[in-house]
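The following blocks contain the structures, represented as structure tokens.
Here come two complexes built around subunit A, the first alongside subunit B, the second alongside subunit C.
Moving on, here comes the complex of A and B:
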């Protein structure tokens, strides 16, 4: 579902869904962002892979949330004193809220970088700057090519007995020599690439480029929905329905009809593209049981 | 106040928009094919450098290679190598809202290196190398401070002094590592890169 969308749509959708809660200062919205972000993870990876990432995120969360109270001392509820300075509950919770937000957005961006494959990035970048897109596609080719070359170069050196006797200093010297030779070769090789690019018509004025992604009507729908969500939530945030005060004491905003509606809208919109995946998985599960 | 954390929105829009404008402007300039492939090679080298030193935090040859590109190939090339290597290597190291900030910081480092130090002859004197090393050290500090601005805006949602100070203080070891790695990689790589780039540039008339 998501991988078939136009790259511009993917970009706008992910940015809207992940960044809107980041503009608020409400722990509830940040928590929703975190939850929907982790649901989104399940559409492209399995539980094992996600569990691997969990310790990193917990560490990240703890560092950010504990960071704040050591530098901010203006909460009213003092837990204890560190070197004569107040360590307040409010500052701790504010830090935890920030950490929640950063973690949630981080999860969304992991999914974004999975769905924005290199060809999609190139297409998006190419509309801004064709030159940069050319460089990006060259780099994508160069890195695997050159790393293969350097590996075979190292093998040759070892075969010829020029790699040293295995001591550290000799190895470093041999690697330096390999790097120097590789550098000369790579620069020289890039000139060959340039010549063949010219021969094949790079820089000719009248030309068209082939694009594999098409802009479908569903893309327009998703983009329109993103903008509507952004406008709606922006208005609600601007009215202060989600404003949480931390200092000097915590004042959570009252839940009103509008805030509940906007939370529901946010949840629905951020999960709408994952639905397809889960329905498919559900039916696949039943088919396996029947057969 | 429309948003409670509107600084994030405004700073992101400003920085991404200005980056897009710079890229669109660079697209108008005519660049030879050979220069483009050279830029691609330098970008690839800096990305591979970041991969090789991935296990060491902040000790990366990226800025040094960006500065070298700026010095030998000019400001435009420096900007492109800096911003694109930040952009592309982040596909491995984690893309996020900080990407435009990293792109801008590295791009500015390359651009200024080109503006200040580009010259036609490729024989580096000791004095010149010392001056560029100082620039490399300053650029490490600049990079760290620039990204700390982002850290402050991102975690606090506004501009505030103590928050910035906290971010800067927390990043002091990183800043020191940036400075050390920039200077050492610059000194290490200047002669081999300068010799070979000079040869290529005179041989192929780039």
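Moving on, here comes the complex of A and C:
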């Protein structure tokens, strides 16, 4: 199951799977990325939730698709003219391809942000620098704390009559005072936090990060596979096997043995964690029921 | 041998520090104290007696700046000769404000924080954290966000994170003043278990001596920077009560206040009010039907989460009821609300500016403002003093209805008496005072009518004396 993986594994895997298609210019790879990215969503959320997001993604897709032909006027097949400028089929398809890519990468990143909880982000940074990890953790603590405070601060000051008659000028003046008051409050309180840190030995010795996750062999396997895939596909991409030309006319790359192999490898790799997730999640329960 | 030995300690705050009123006088005078290993010692005394200062001087990293004479020997060594590592490992201090002492966003990380600073190995850290989680029964919250914990849980997590570093001396600055009785008891029983298991030396500065006296081996009563008495709790308590006599209910005059109860007009009436926070959550206030009278002080009891704060938010208009009506007798009543966190009312950087903000100047200050240092920051006041400042600000607004959430929080009985006379003045002027509190003695002393909030409803208001007489659990016996 994905949440059981080490954060470094999750990070490298998701980045490899989403970034490789992003650096290619091939609608097929982009489509594969979108499909496998959607399948990944099912590992942590249900159909109802995904359906809720569909209209947003369709809108997102349309906006990006249409953005291109309105601003780029290359391409030989002119569909119509807008304000005297060409609106070409090639530009439209190029826009659609970009939209496909951005949506696909977006879907992968939604899953990434679900699996990279703040604990995991912290752990990732902790391995790089223990100080950075402390600061991130401090910020993660402070932001919700402060935003809650300022909300109720505003309410209580309003009751004390700070906002006056609610006219624009009064409101601006009041917001200024609220901000100054909040600043004083936060400075005073951050002194206590600083004292609490010093009192507990912050800066006394070289800091070490406490880690709550450990590497398993499966983590190492996934990371190695990610690197191999990145190297292999990177090489294939670099050789131009997947390069689609849009202007002046569309030229799709010839399918070759190598490109078919590459696509197959990508499909398998981008589904590997999803499949593993479902097998672990459901097969385990089957075993329970049978026994 | 004495574990902690303080010889003729004198301390004066740095005169350049404008935040302190006592800059020109000694905050601590001729302090001599001996504490043996494994003792639990309580420091008590009125607000500003120097107990917090004494605690902070025992923790070098955060000791206040100023003139210090005399010496402090810790475990046979001069305190100032300890290395920074020894200091942070061997002496743990829990200060007053729980919320701000939490550094990280996850409970497990908070527990690990001190250990990370000491540079322990991963396996040592794992071991200590596991031990502390098991001992303080933190398993269910070990992965939670620290921001999502209740006040009592935060306190316990902080205590645990200090103890994970296995200190030799534990200093606690008013650990239970801000806690409700339920959490206070949990905290005290955790301390008791800890002491029985490890024999750690503990020094507690606290107002709520009823909680700490039973577990203390020694009580040190302080007043005006001096130690008046340092003895067994039953002897020291006697001295303490002389210094801070308990607050009493004023006997009712012949006119018989309680009789006219039925004819006093209501200030606000709630008619079949329902309220919940989100669509799917259960009702917090359920079919509440009650009125609050003018010129009366109402006390509302009830456990945490009974909906007292929600009720206040409804009356004050911060929230709107989903069903039912809230009817005020005045057309546009002025409602003032002193929340549990009084700092929400502060907006200036000095006490003087704070008072000027609601139109108070030196000519019309209430008497008790003299107790506050006008040039200090409102945030530097003690808990009880903050309540007084909030009260002064609010009284300048001449409210018709005054809502107070835990008004006696952090107050000693001297400050409580000031609050008592202010409340009396308010009710005599026809103000409707509604307060929620856990403090039965205080409520008995100041309130006219009492009720319990439970399952979203209030039991009918009863006159205070009758309430405390007829109730079996809510009584002062």
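Here is the rule we go by: the second predicted complex is superposed on the first by the 232 of 291 C-alpha atoms of A that agree within 3 Å, B and C clash if a C-alpha of one lies under 4 Å from a C-alpha of the other, contacts with A are read in each partner's own complex, and residues count from 1 in each chain.
The working rule: contacts are C-beta pairs under 8 Å (C-beta built on N, C-alpha and C of every residue); 3 or more make two chains touch, one makes a residue touch a chain.
Predicted, not measured: the structure shown is a model, and the values here were computed from it.
Touch criterion met: A:71 reaches subunit B, while subunit C stays clear of it. Judged by the touch definition given at the top, the superposed model places A:130 against both subunit B and subunit C. When the two structures are aligned on the shared chain, A:260 is found in touch with neither subunit B nor subunit C. Residue contacts after overlaying the shared chain place A:54 against neither subunit B nor subunit C. Contact with neither subunit B nor subunit C is seen for A:82 once the two complexes are overlaid on the shared chain. Looking at the shared chain after the overlay, A:24 reaches subunit B, while subunit C stays out of its contact range. Of the two partner chains placed around the shared chain by superposition, neither subunit B nor subunit C is touched by A:62.
Applying the stated contact rule after C-alpha superposition, one finds that A:198 touches each of subunit B and subunit C.
Contacts of A:155 after superposition on the shared chain: subunit C is touched, whereas subunit B is not. Shared interface residues of subunit A, touching subunit B in one complex and subunit C in the other, are 118, 130, 134, 138, 180, 184, 188, 190, 193, 195, 197-198, 202-203. Taken in their complex, subunit C has these residues touching subunit A: 59, 61-62, 84-85, 88-89, 92-93, 95, 97, 99-106, 108-109, 112-122, 125-126, 129, 143, 145-147, 161-162, 165, 316-318, 335-337, 339, 343-349, 358, 377, 379-380, 393, 397. Residues of subunit A touching subunit C in their complex: 118-119, 122, 130, 134, 137-138, 140-141, 144-145, 148-149, 152-153, 155-157, 159-162, 177-178, 180-181, 184-185, 188-190, 192-193, 195-212. Residues of subunit B touching subunit A in their complex: 1-6, 8-9, 12, 20, 23-24, 26-27, 31-34, 36-41, 43-45, 47-48, 80, 84, 87-88, 91, 94-97, 154-157, 162-163, 165-166, 170, 192-193, 196-197, 200, 204. Interface residues of subunit A, counted against subunit B in their complex, comprise 19, 22-25, 64, 67-68, 70-72, 98, 102, 105-106, 109-110, 112-113, 116, 118, 121, 128-132, 134-136, 138-139, 142-143, 146-147, 179-180, 183-184, 186-188, 190-191, 193-195, 197-198, 202-203, 234, 237-238, 242-243.
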